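Next come two complexes, and both contain subunit A; in the first it sits with subunit B, in the second with subunit C.
Our next item is the complex of A and B:
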């Protein structure tokens, strides 16, 4: 596992991918931080919350090549024919992408230092936001890894990952729309002969169910300095599920009949 | 060493491997011969654990590839047709990565990599990016990768494809050197290559073994017939009957007809030299011979020879 981690992590810096991701993150966070400095109000937790929306671009960039490139170049044979389990490869690659994500926060840490030097406030909300950021990153990296394992085309992998993350970002809006649509359908068709209050409750139940799946909503508490265990368990559990599916997708190749 | 029994692999409705069984003994060089699509690569991929068989069983040194994959894979070094190389790594970094994957103990890792590089003559390029290496060197790095961890079995899938003639000769020499210390399964669709290297040959066609014999025995069977190519200034109709009438000639086939010249493929019994008789038969009907050469037996000849009843 460590061998895969080391190779994958170093390969980010042998190609432009790692550098581009770090630069992109530095530019975005630098822009936000300089705006805050200009307005004399610095809140690093807000900056991190802002950076979370850029997962939709950054995660596909750093995950698209994880398995797709190995499949295309034929190097995936090594992972299948070496005396170790594919599970170790999945974990190794996941940790490499996570390590890059952590390094990408280097600009944020420099902003923290500047804030401290300028007697600004760094509190539990800042550290909580970083914590929530990494938990979300773990979830999205596992999704990116799965899309990469499903194809040998890196662009396809990136596009699918982008769409999935975009869907998750828009989940609360989608939940509202779906809830309204369901309420409208029940009202117009008079299906099941429900009362208005019941129709309203049904719509709300669907909205709540979809919102429950929203990791952004779940990890928002960290930004306000509230520490809860549930969002971490939520993100890491889903990350584990997606990693397991990635493992199964790769194992399926062995049994493939096509 | 390697035992393959009743191996079957389906790709959809197509049976790529159809009940193959064979054994490879320690120290043997087994040639796997067959045309493209015969099932050679599929069989090798199954032996190495890259693919799973639909049914059948494979054991390497007594370890079942399916049930004890890690133990079985420890005994195998595999070079697929396209070497699995990371072009962004140097040769040394790549071999170090492979040795980590193969769980070579850290204290002997460096020595083993150095020894392997020496063995396949790539020590002079150890610090170069694989991307900048020639095809021949890349193939050597691929072989070096198979030797890391000192596996007893080396499986090479068409290792000479795409190499120039000098590189092919070097590669054959390297495989012969490796055979002194390893059991080797080597696939190719080139007969002469297999004849030059292997102790034993398995010929596979349409997913089935059509022959499994020592190389010498197989050659003797192939030499049961010989082929000649003749370029004549005549029509095919004029020469067909006189040539067929020559004792020992089995078949006469028109290969090409152009500008009053014909190219004819002639198959004759191996135990009878028909060259003089053919010359006189054509002289009698005043047909000039512009070119007369014997052809090395092709894979198709072997299949024909092996699958047709012997005289």
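Our next item is the complex of A and C:
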């Protein structure tokens, strides 16, 4: 597993991918930070909350090549034949992407140092926000890895990953729309003969259920100084599920190839 | 022949068996596929159920408030109140809990803590009137309370009261003046919520009314918060028209800085109210209203042995001045008896104090006691210079308490000669943890006979403003570093590595 991790992690820096991702992250975070600095009001937790919306761009860049490139170059066969299991390969690649994501936070750490130098405040919410950011990153990287395992076209992998993350970002708006649609259908068709207040309750129940799945909403508490274990468990457990699905996809391809 | 037949048989067997081998491989692949699909579905389902259970069972126990002032955790006072509750309180947030709202981070975790520590006596739910319009008619069928989106409604049996979240904060006035942005600096959320829970569960809730109709300041958000924190709910009152009357449930009437005198009818209504054991608070400084003739208001105060004069107190003791060179902004200290009684032996910042003269020949049934005084070197600057000299240098009252014992029920009045104990402008800058807030709280508790010895503190919101001003050249320098030097450096390193390795 360590061999895969090392190979994958170093490959980010042997190609422009890792550098471009770090550069992009530092431009985005630097823009937000310099605006805060100009107003003499610096809240790093807010900066990290802002950066979370850019997962939609950064995660596909990091993950698109993880398996798609191996397939395209035919080196995937090496993974199947090497003296380690596919599980280890999946975990190694995941950890490499996570390590890159952590390195991308260097720009944020440089902002923390500048804030301290300029007599600003760094409090528990800042560290909580970083924690929440990494938990979300783990979830999205596992999703990106899955999309990469499903295709040998890197662009296709990036686009699918982008769409999935965008869907998750917009989950609360989607939940609102789904709720309204269900309410409208129940109202128009008169299905089950529900009362109007029950129709609204049904719509709201669907909306709440969808919102419960929103990882952004779950990890928002960290920026306000509330530290919860449950959102971390949520992100990591679903990351594990997506990694398992990635493993199953690779296993299936392995046997279908033979 | 037999040999050939045997060979044929083998060939036939191979031909017949060959597809069987293929079927076996396909079957294995199909089984693998089935195992994959089933295991993925199963693991997804297990993950969902596991997270749901974890959320339902462990979300609250595994939530930690890491803020320095514990802004997401209720205080001992609130915990004790929850323990003593014998009724259930339902708190309904008329908001979409998934909307991004500025105050959300200060309300929702704290309300969760109320629920967690309420032992089933407090419930919280969020209902958005936009998606569920029935909630408004369900809460207020007769449209008496006029609840609206964005409010929190506290319901206990027949008692209902609304809370506007935006009124639960003190804002930085200097930031507002410069940037036009309301920056919260102090969070009074717990103070408000606990006060309203106390109010709706109280068997004898107290109601205070603010007299309106004389260009008084309509906004008394911070005073409302202070009063709610001790279980008094406030409303505005206009005494105009033939049917005007002071409501029977009026525990306390407040007249805050009227910009013109009250009418004769209002005077009579207030006098009747006082004759029946009413309680009155008057706030009247010597600011924009210095030209106003308060004849009718003075007829009320004079029955209690006090006159509001057209003069301002001039502090002569430099050690009492807040800003040297400004004799009208000074320090007031509690009178010796009152300091011991209210247990706030401190100094209070006050400005533009109206001179109040106390009758020497007042009725023996009337008791006037100064609660706060100036230094003994204070003089009076009169509006009309010709009457200068009627008040000598000495100690003058800043806040007075008057009690009339001549009627069956004692009437009581407190007169504040400054707005610095009640105004939004003062608390907007100083916050509700200021000594003046503690003083006015003690006064109101005293007049309404409420125990205010324990209270919910206001919680400061960490200021992310840089404590040392940063020069524009420093801002430019750091902006160039974070937006240009670091990204370009990274990109250059990437290009260098790529060029070096592309032919490898």
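Here, the second predicted complex is superposed on the first by the 256 of 258 C-alpha atoms of A that agree within 3 Å, B and C clash if a C-alpha of one lies under 4 Å from a C-alpha of the other, contacts with A are read in each partner's own complex, and residues count from 1 in each chain.
Keep in mind that, in the parts below, a contact is a pair of C-beta atoms (placed from the backbone, for glycine too) under 8 Å apart; a residue touches a chain by one contact, two chains touch by 3 or more.
Not measured: the values here are computed from a predicted model.
K.L.:
Where does A:226 make contact in the superposed view: on subunit B (first), on subunit C (second), on both, or on neither?
P.N.:
A:226: touches subunit C, not subunit B.
K.L.:
In the overlay, answer first, second, both or neither for which of subunit B and subunit C A:83 touches.
P.N.:
first
K.L.:
Which chain, subunit B or subunit C, is in touch with more residues of subunit A?
P.N.:
After superposition, C is the partner touching more of subunit A.
K.L.:
First (subunit B), second (subunit C), both or neither: which does A:15 touch?
P.N.:
In the superposition, A:15 contacts both subunit B and subunit C.
K.L.:
Between subunit B (first) and subunit C (second), which does A:74 come into contact with in this model arrangement: first, second, both, or neither?
P.N.:
first
K.L.:
Just checking: does A:2 make contact with subunit B only, subunit C only, both, or neither of them? Give me first, second, both or neither.
P.N.:
Only subunit B is touched by A:2; subunit C is not.
K.L.:
Mind working out whether A:92 is in touch with subunit B, subunit C, both or neither, as first, second, both or neither?
P.N.:
A:92 contacts neither subunit B nor subunit C.
K.L.:
Touching subunit B and also subunit C: which subunit A residues?
P.N.:
Residues 14-15, 255-256, which sit in both footprints.
K.L.:
Along subunit A, where are the residues that touch subunit C in the complex?
P.N.:
Residues 13-16, 18-20, 22-24, 26-27, 29-31, 33-34, 37-43, 107, 110-111, 114, 118-121, 123-125, 128, 172, 175-176, 179-180, 196-197, 200-201, 203-204, 207, 211-212, 214, 217, 221, 223-230, 233-234, 237-238, 240-241, 244-245, 248, 251-252, 255-256.
K.L.:
Inside the complex, what are the residues of subunit A that reach subunit B?
P.N.:
For this pair, the touching residues of subunit A are 2-4, 6-7, 11, 14-15, 73-85, 254-258.
K.L.:
In the complex, go through subunit B and note every residue touching subunit A.
P.N.:
10-12, 48-52, 54, 69-71, 73-74, 76, 78, 80, 82-89, 97-98, 100-103, 145, 149
K.L.:
Residue numbers of subunit C touching subunit A in their complex, please.
P.N.:
Touch list, subunit C to subunit A: 28-29, 32-33, 36, 39-40, 43-44, 47, 50-51, 54-55, 58-59, 62-68, 71-72, 98, 105-106, 109, 127, 131-134, 179, 183, 462-470, 474-475, 478-479, 481-483, 486-488, 490-491, 493-495, 497-498, 501.
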